[in-house]
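Below: the structure, in structure tokens.
To keep things simple, chains are lettered A, B, C, D, E and F as they appear, and every chain counts its residues starting from 1.
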């Protein structure tokens, strides 16, 4: 988090719309321990239940574009809302108020782009996604729709979103905040929260509680592995029930 | 907008969560001309169509608590999102993160409280509403649920909302911003935008375009009145169609 | 159904968009017998179940604007769909494609206006409703939204619809057919079908089967009245169950 | 709960479908203390949050038929599901599988009828409601639709439901259980749980925890009353925030 | 259905929550004839229409986890509802009320597990699914969400469900009944009903009517095969229409 | 569009239900230019925004059955609505009112079948699809459900629809119009409009405006290609923003 010089914004958004130039980032070895969990989101969800934290979105609500991918990294956030100009008027005046390039500009390798957006139109097109990946984002979690599905699939860049559309966001949405608190499918996310996503869903682990969540998750992970071994070796249902694998 | 001394916040929210201490307010005589429109939201909606502005919510989406009320005043905005603590944990620790009192504290007589909130729990209880009215708010537009329906009805204080609930918001929501841009039923609202609401719905007139919208609305209003008179006096359908009442 | 001269259209829609100038209408004494049913829609729904006819919409799906009203009359139908011009473009070019005036023009006293429309904008404003009533329509059933709620309520003109909005339909919808087959909340309606509506919902009785439906309904009505008398006089639950009131 | 002779069923349902002939009922003086709470469902919802109990349904999800009514009484439960015969076939064969009369038959004065039903058709008609009231039920909470709205309104019998319909349930639903565990709008209810409902919503207080919930609720009630007095007497926002009314 | 000794429950649920220890099972050769139908669910749906039976769920409502699988077997049913303890409280007290192991314990080879569950959390995790398969279940139909999608896919065990989630059901749901009547996506299912599922959807054939349904289905199947041959050999549209393939 | 002899209908529908025997078709070289667009629906959606035309449906609303297919061809339209006979009655009487064979009968090679249908049952089965393809349709866009998913997939015939079901439409729907104006997912489509569909969604280009839309689309297409090249060659975010690729 220590840098020589402060980052500069692109000037695409008013300066005050960018809440932080740097997000809090966890030490890399902690991030690696999260990655080492066997069942990433299932175990974290269990750990967060134990600690009383709300932060999980099921895959049936926010599915991955491609099965079999998983990511772990800090959230860099963006909020888009509907604009006040009607579409055709905006298209005629060519006033593009979509601003995810400001997020791309602040990305560090390993960050995850998290967008609270609007449904129906694109909150990030294929070209923008190419830039996002080039800037270091390891994936994106988008509570909204995107454009250019073939490109997303061919890139192999992990993305969770609400679906695809051919309709541009340029004349329909306005980016109002970068690195503020956002709400993704009803879950609060702050910049720097650890995004952990796989085929089952997305967990947002609050930055301050990341280490505590990890410790509980590791204990659960060990118990699950033992139980799985017992099941595979044919232990009877009644016997499985009697054992306590969680401690 | 000129005041001797700057307002103070209550310290309930971090200072940076309060985007403006004063909202832009239109001259009172302009507000009065809006109030004088015969069909308030219908005429404004037509005027905003002509000018290419998006800003209207139908009553079937966001109904008034009581029929027959109408309000005109500048928006003072509040944004609530789900919190990260689970309900019972928050209730045990008694950490209340609901902060509409910061909005009440900034209100001037004639302002309208506009809340982007969360469904299911209360974004403003009856006691809070009593304070809101006392502080000068002439009504509220809430994209979310409220508590204490009997009190709202008995107060006769005009409110548009998504319904009522007995469930407290204290342990469920977090107020994250006062006087930032919000999204109400999919419509962008900035602090200071003119809220015009009646039984048919809610219009948010952008502050900068208020005068332009009013001029168009007044022209439409005059035409409608003429047409209504013709209908009442029995002019034939075919003849009504031929006349141009809009210019 | 016999008239001296054929009706003329207003020329607002292409001639082929108007499928019939005259709808089939039942003899008035049959209509009066429908009106005489004690529980209008409940009894008709039961009769249509017996005859295997689909044609009932619950009030929770399509509520009356005012409780306590009921209507019986033949359907004159209208179909509105979204237009291809974007709103602001249409508003600039002032190309109004809303055409319920063609329906008003064909109305006979006692008819019911039935509109398959689109949600969000108005499919018939207050002024248009005033004309509709003047032309003879005894009420309207609208699978869509309307404008000017206060006027609808003050008129006391019976209407079933999906809610109110301030937003005009002029630049948003296109009337594509008058007196064709329409679908109202998933139920097929042909011009001339008997519309019977009350606080519990709306029944569309197919024109050809109206007499058969009425005969069954009258039998059910008589049984219900007997059963109600027994309940009011305190007959025990077990005894009520043993009696057959339907034959 | 002590009775001389066991109740008899009507034989309308198989005997094993009726899980209990008598539901557990709380002492009347405890019920009276619940009734004495100033804000019935709001205070109970707060108390249940403190004790970690799930059991509240907002009024916007399950509204009262009439505003201004409130009830407190033990739940006598009924579960209806879709039947396997198609409608017209069932109507032809006259095989009525609707069985709320078995519930009516078991009612004691002061009980509340709680129905998990199916949408679209009637889970209890007006005549059945008349019998329900006669048998002692003080009201009903129905997660489904009902028939005969005018009769419900004219009876003044408190009911919470999902809306009205003219369509009979006789050929569409099957009553499969009386006095089993049901789920009402996603909330578990056991026979004997205390139903407390008003204009804001419905609380189901688990029978075993009723006294504990009441004690917490009474403490909250007292604090709220004090705070309300302070607000009415004009105490400043900043001062209201500093006081602790909950202990 | 004849067994030497009665099955024993695991004691995880109260004994009365388990409605049957043995479900009715059809003779194996009848099951094989169902399996031999070319278009499994399409033909059965047609046969059930002819006989007036409701029992089909489209795949767009309840999709298979993997395309290309099909199963035929008797339903062993389970019902889960939301519990009354709040999540964090239940997690702290470690009171797990999820009970599908009682169903696993009663399974015979060839049975199908049918779960009426709750959305959002897991009604059967991957380890539980491994046990279910080991106990003889040939697949599952779950009106709710599941956990561990990768494991389900890698097992190749046929499942129809509403989607995946990382969130445990342990602290959120309560199993209240095994082998009672359940409702799956609005369709009634009794233990022993024949579950027939493929890529197009799921049919529940009532146990008592299985043979009658099969006979009609076989006749339709034969006609469809003939018609398909005619289409493939190029018979003209007008000629195809004239032929009667159903008798 | 010039033909020697007029087409004949099959007599399955009343003659007046078929609005046009021939649809307007664009010159083949124009169709080829549409096909040559790199990003088919994305570019057309942008062009239609510039010209103020509404006509695009996102893939998350109406997904393709198979990814990676794309079609361009004129719309031949069909409208299905619910019928008035109850299912079992219709099945008993064997009165099939499904009429897409009339559309098949009018098809020319290169046409696209566009169906406004009803949800739940099949609007075109696998056998009907085989005939549709044989008659020249290059694909179908269906705002409703279909039957026989395996056959659709194995045919490799491009289809966009709302999902699959085993339930027949024969007894549930009535085809009421061929080659009239329809509404597909809220978008107006006239016979002859150019259907352009790919993995991102479906665009309906109005016949009269097809050439104008194409010219704008080609300009946008060229700019996008240039921008894509710049991104791939590593041009900085700030520099990309400064360039105007659209003129």
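What to note about this one:
Everything that follows uses one rule, which is that a contact is a pair of C-beta atoms (placed from the backbone, for glycine too) under 8 Å apart; a residue touches a chain by one contact, two chains touch by 3 or more.
These figures come from a predicted structure and were not determined experimentally.
The chains touching chain D as well as chain E are B, F.
Among the remaining chains, D is positioned farthest from chain F, on the basis of C-alpha centroids.
Seen from the Cα centre of chain A, the chain whose own Cα centre is farthest off is C. Residue-number overlap of contact pairs with B-C passes half for only one option from C-F, D-E or C-D: C-D. Between E-F and A-B, more C-beta contact pairs join the chains of E-F. Counting the residue numbers that touch the partner chain, chain C and chain D have less than half of them in common.
Between the Cα centres of chain D and chain F there is a gap of 49 Å. Per-chain CA centroids place chain A at a distance of 35 Å from chain E. Shared interface positions of chain D, defined as residues touching 2 or more other chains, are 49, 52, 86-89. You'll find the chains touch as A-B, A-C, A-E, A-F, B-C, B-D, B-E, C-D, C-F, D-E, D-F, E-F.
On the side of chain B, the complex with chain A involves touching residues 16, 49, 52-55, 81-86, 88-90, 118, 174, 176-177, 180-183, 186-188, 206. Taken in their complex, chain C has these residues touching chain A: 86-89. Across the complex, chain B is touched by residues 10, 12, 87-88, 91-92, 94, 101, 104-105, 120, 125, 127, 130-131, 134-135, 145, 147-150, 153, 162-168, 171 of chain C.
Residues 39, 41-42, 44-46, 49-50, 52, 56, 58-61, 67-68, 198-201, 203, 224, 227-228, 231-232, 234, 237-238, 240-241, 246 of chain B touch chain C in their complex.
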